[in-house]
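Paired with subunit B in one complex and with subunit C in the other, subunit A is shared by the two complexes that follow.
Our next item is the complex of A and B:
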């Protein structure tokens, strides 16, 4: 989930702040996730589908994977910087399809159609798996998912603060200027092409980190894990959260990732839902209906998303406080 | 040589179907500045309605109902959803069409399940051979129907008052409105036509050599995006040219796959996107698209 939040922040920098429509986020997630597996994983010569791994320390692998994603973003930026609006959207959509094909072809790296297992993350001898070392906090055993949860939390907070600082400072103003009017921005001394390329770079690095965490969480990745649906989910997150808002992106990510789980948990008590495979509406389908509808309704009724709702609530309470304040 | 001609003709036929879908994108874009990602869902919907009705009312009636139903859904979604949010951010509009697409495809995928529905095309799976060049009857009829429809559409753009209004609205929406052009009506008609075209394309895309209607029809329809983009999103000629280029390229790469193994297996699926990227590097607004000019 925190992986999703990081990815959503990254996409929001590109789409919400800079105004560049991108459907290619899944591709950068794939680059991050798969190159982490390649860098830190062990080679597997056994079986019909051998793949190689460099066996680097996981932390180094993660950093390098983020670097490679950034590089992929830079490589795309000659196309990205020239295209505008929907053309960029479709070009990045193409990138997802071409990317899956390329990853399937280099099966030495990606494991091909069958994918490969993701190496456990470890930090200075502390592994993020079920045991080794055993860890109890307040009598709760910390297993793989708890450990990854906190790893994600720390990384997400770091990414959140960095994005806030960047967007509230000079680069953020420059990017918003590019979004609102490229001509005005360039007249005011903003190098439009370079800022757009930098936004792409930053966004793809965030996506790369998000991809690494995604891979760690699901434990096994194949190129098909990063299909166009992933890009759509990320776009839904930032639109639901509110375009251009870092906190909103996190809220949107929480909503979209949690929805299927929550519906799955309560599937038995919601009328009209049935077990998968019985012909009725299963909870994963219900989740798809729900967030398809949520996206449409939010855009029609609250175009500023969750961040906008939060902002107007704050305004209302401030006004009420001002009215009640003794004069 | 004859194999090459076969691939070429089959490519042209596939391309004319892509062109039908791409024209749908283009006229919707011209009328309401939305790139409709729900178009794949419209195709699926049209094919599904036809497949379900065909046993009871016969093929041609089913097709007629399918076209009307798809056009109606397109019209309603324009009226109820998209006409309300004209000024929204491009990403919002895009994700909104994606949301609609998600709802429709989830529902239809659930209904279709893993079965392959037949639309019951009366021309069946026959193959026509002319001097060693072979093409399925379905694809041959597709070329004819597609070109007749495209011809009619181009005539409509040129000679009907709706066509003139559409071109005016695309050129300068505000000026068009001041001249008394009702943009709401232009937009509605554009969505109706696009929906109908999608249903027609669906009829031929599910015919031979494809086995029938499967949920992945939507993915096939995705290849029409690069077609619309590489031709230029605001150009109807571009949609036609783009559709044909993409169709022929895909068919050629699929045909000569055996001698192109260095590109990886199944490269033909990504050919449309690869071609599009090459074109966009050279011409960022597509082949026939209008370049954005800036005056300061």
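Our next item is the complex of A and C:
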């Protein structure tokens, strides 16, 4: 979930703040997730599908995986900087399909169609798996998911603060100007092409880190894990949360990732929902319908998303203050 | 300047003296906005040159030209409606500040200090144009006249040597126009900035301009002081046409213009303002 928040923040910088539609986010998640497996994983010679791993320390693997995602973003950024809006959306769509094909071809790295297991994360001898060392906090045993949850939390908070500071500062101003009026931005001194490329680069690095966390959470990745649905899911998150808002991206990510679990929890008590495989509508399917419907409702009735609701509340109070102030 | 086979500007040569308000007027489609786009680098001229002092601006990209001291306020407001007035003006400081993604994202001390210093200057500029009290409101909630002044403030925030104002009072009421005129004069007087002004409001131009250039069909047809321009036969002909029209109110002037016997007189001097 925190992985999703990081990915959503990254996509929102590109789509919400800079106004560049990208459907290629899944590709950068794939680059991050698969590079991490390749860099930090062990080689597997057994079986019909051998793959190689460099066995680097996981932290180094994570940092390098983000770097490689950035590099992939950099390679695509000349296109990303010159195409606008919808055209970039189409171009980046192609990137996802080409990406899956390329990853399947380099099965030494990706494990091919069967995928590969994700190496456990560890930090200075502390591993993020079920034991070693055993850890109890307030008598709750900290197993893999608890540990990963806190790793994700720390990384997500870091990414959130960085994105907020950047977007509140000079770079964010420049990106919003590029979105709102390219000519006005350039006449005010913003190098439009360069800023579009930088937004693309930053967004791909966020996606890379998100991909690493996603891989750690599901434990085994294959190129098909990063299909076009993932890109669409991320777009749904930022639209629901509010385009251009860092907090909104996190809220949207929480909503979209939590919905299937919440519905799963109450599946028995909601008529028409059922466990997967028992016929009827499964809760993961229902969650997809639900956030699809939520996206449509948000676009029609509240185009600024969850963040917009918070902002308009603030605006009302500021207007009141301005009316009372002497002019 | 050409668009395909269409020549939008040809052989226009004008020179704005430092520290003056220089107005460019002309009927719709005369090439005034094109002229501004050529100066600010949005279009590149197919022939000819633009110079600022000793520096040639021709062929440079817009952000380079801004860096050399040309600020521009747009006719159709090109600011971001959801951003606060302060943020919109801060955009003008872009080239005067240095912080990038990493330094801003990590809140490095120098980046924070830079941001604070430039915000203070933005507050000064906003107060100069009379927007001090609305700094934190989203631009979209301001009145039309106030938004136009935000455009001017943003152009001023680039600390220009030359300020291009594209129809700053178009659509404004008398009071808003008066305030804008005061700002234009204050920019010249207290900041010493050269103002290049495109405008249709003749009484506003006559009250602020030191010199006027008149464009028609992409050509410079007159250049001189307000008094000279008011009495220039070519100008009156351009504004009111040289062939007889259906508008009876202007018909007599048209006839006079076509026969080339325009002389100074109250009827003719007020004629252009009928536009």
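The rule we apply is simple: the second predicted complex is superposed on the first by the 311 of 327 C-alpha atoms of A that agree within 3 Å, B and C clash if a C-alpha of one lies under 4 Å from a C-alpha of the other, contacts with A are read in each partner's own complex, and residues count from 1 in each chain.
Rule of thumb we're sticking to: a contact is a pair of C-beta atoms (placed from the backbone, for glycine too) under 8 Å apart; a residue touches a chain by one contact, two chains touch by 3 or more.
Please read all numbers here as calculations on a predicted model, not as lab measurements.
Would you sort A:183 into first (subunit B), second (subunit C), both or neither based on which partner it touches?
both
Contact-wise, after the overlay, does A:104 reach subunit B, subunit C, both or neither (first, second, both, neither)?
A:104 contacts subunit B only, not subunit C.
Examine A:94 and indicate which partner it touches, taking first as subunit B and second as subunit C; both and neither are also allowed.
In the superposition, A:94 contacts subunit B only.
Let me test your reading of the model: by the given contact rule, A:162 touches which partner, first (subunit B), second (subunit C), both or neither?
second
What is the contact status of A:291 with respect to subunit B (first) and subunit C (second): first, second, both, or neither?
first
What is the contact status of A:322 with respect to subunit B (first) and subunit C (second): first, second, both, or neither?
So A:322 only meets subunit C here.
Between subunit B and subunit C, pick out the one touching the greater number of residues of subunit A.
After superposition, B is the partner touching more of subunit A.
After lining up the shared chain so the two structures overlap, which partner does A:219 touch, if you call subunit B first and subunit C second: first, second, both or neither?
Touch partners of A:219: none, neither subunit B nor subunit C.
Touching subunit B in one complex and subunit C in the other: list those residues of subunit A.
Residues 183, 187 of subunit A touch both subunit B and subunit C.
Which residues of subunit A touch subunit C in their complex?
Spelled out, the residues of subunit A in touch with subunit C are 162-163, 165-166, 168-174, 176-177, 179-181, 183-191, 198, 202, 315, 318-319, 322, 325-327.
Residue numbers of subunit C touching subunit A in their complex, please.
40-42, 61-63, 66-67, 72, 74, 78-81, 83, 87, 90-95, 97, 99-101, 104-107, 111, 115, 133-134, 136-138, 141, 154, 158
State the interface residues of subunit A toward subunit B in the complex, per the touch definition above.
15-16, 19, 21, 23, 78-79, 82-87, 89-91, 93-95, 97-98, 101-102, 104-105, 183, 187, 232, 235-236, 238-239, 243, 281, 285, 288-289, 291-296, 299-300, 303
Can you list the subunit B residues touching subunit A in their complex?
On the subunit B side, the touching residues are 29, 35, 81, 84-85, 88-96, 98-103, 106-107, 110, 222, 225-226, 228-229, 233, 263-267, 269-270, 272-274, 276-277, 280-281, 284-286, 292, 294, 296.
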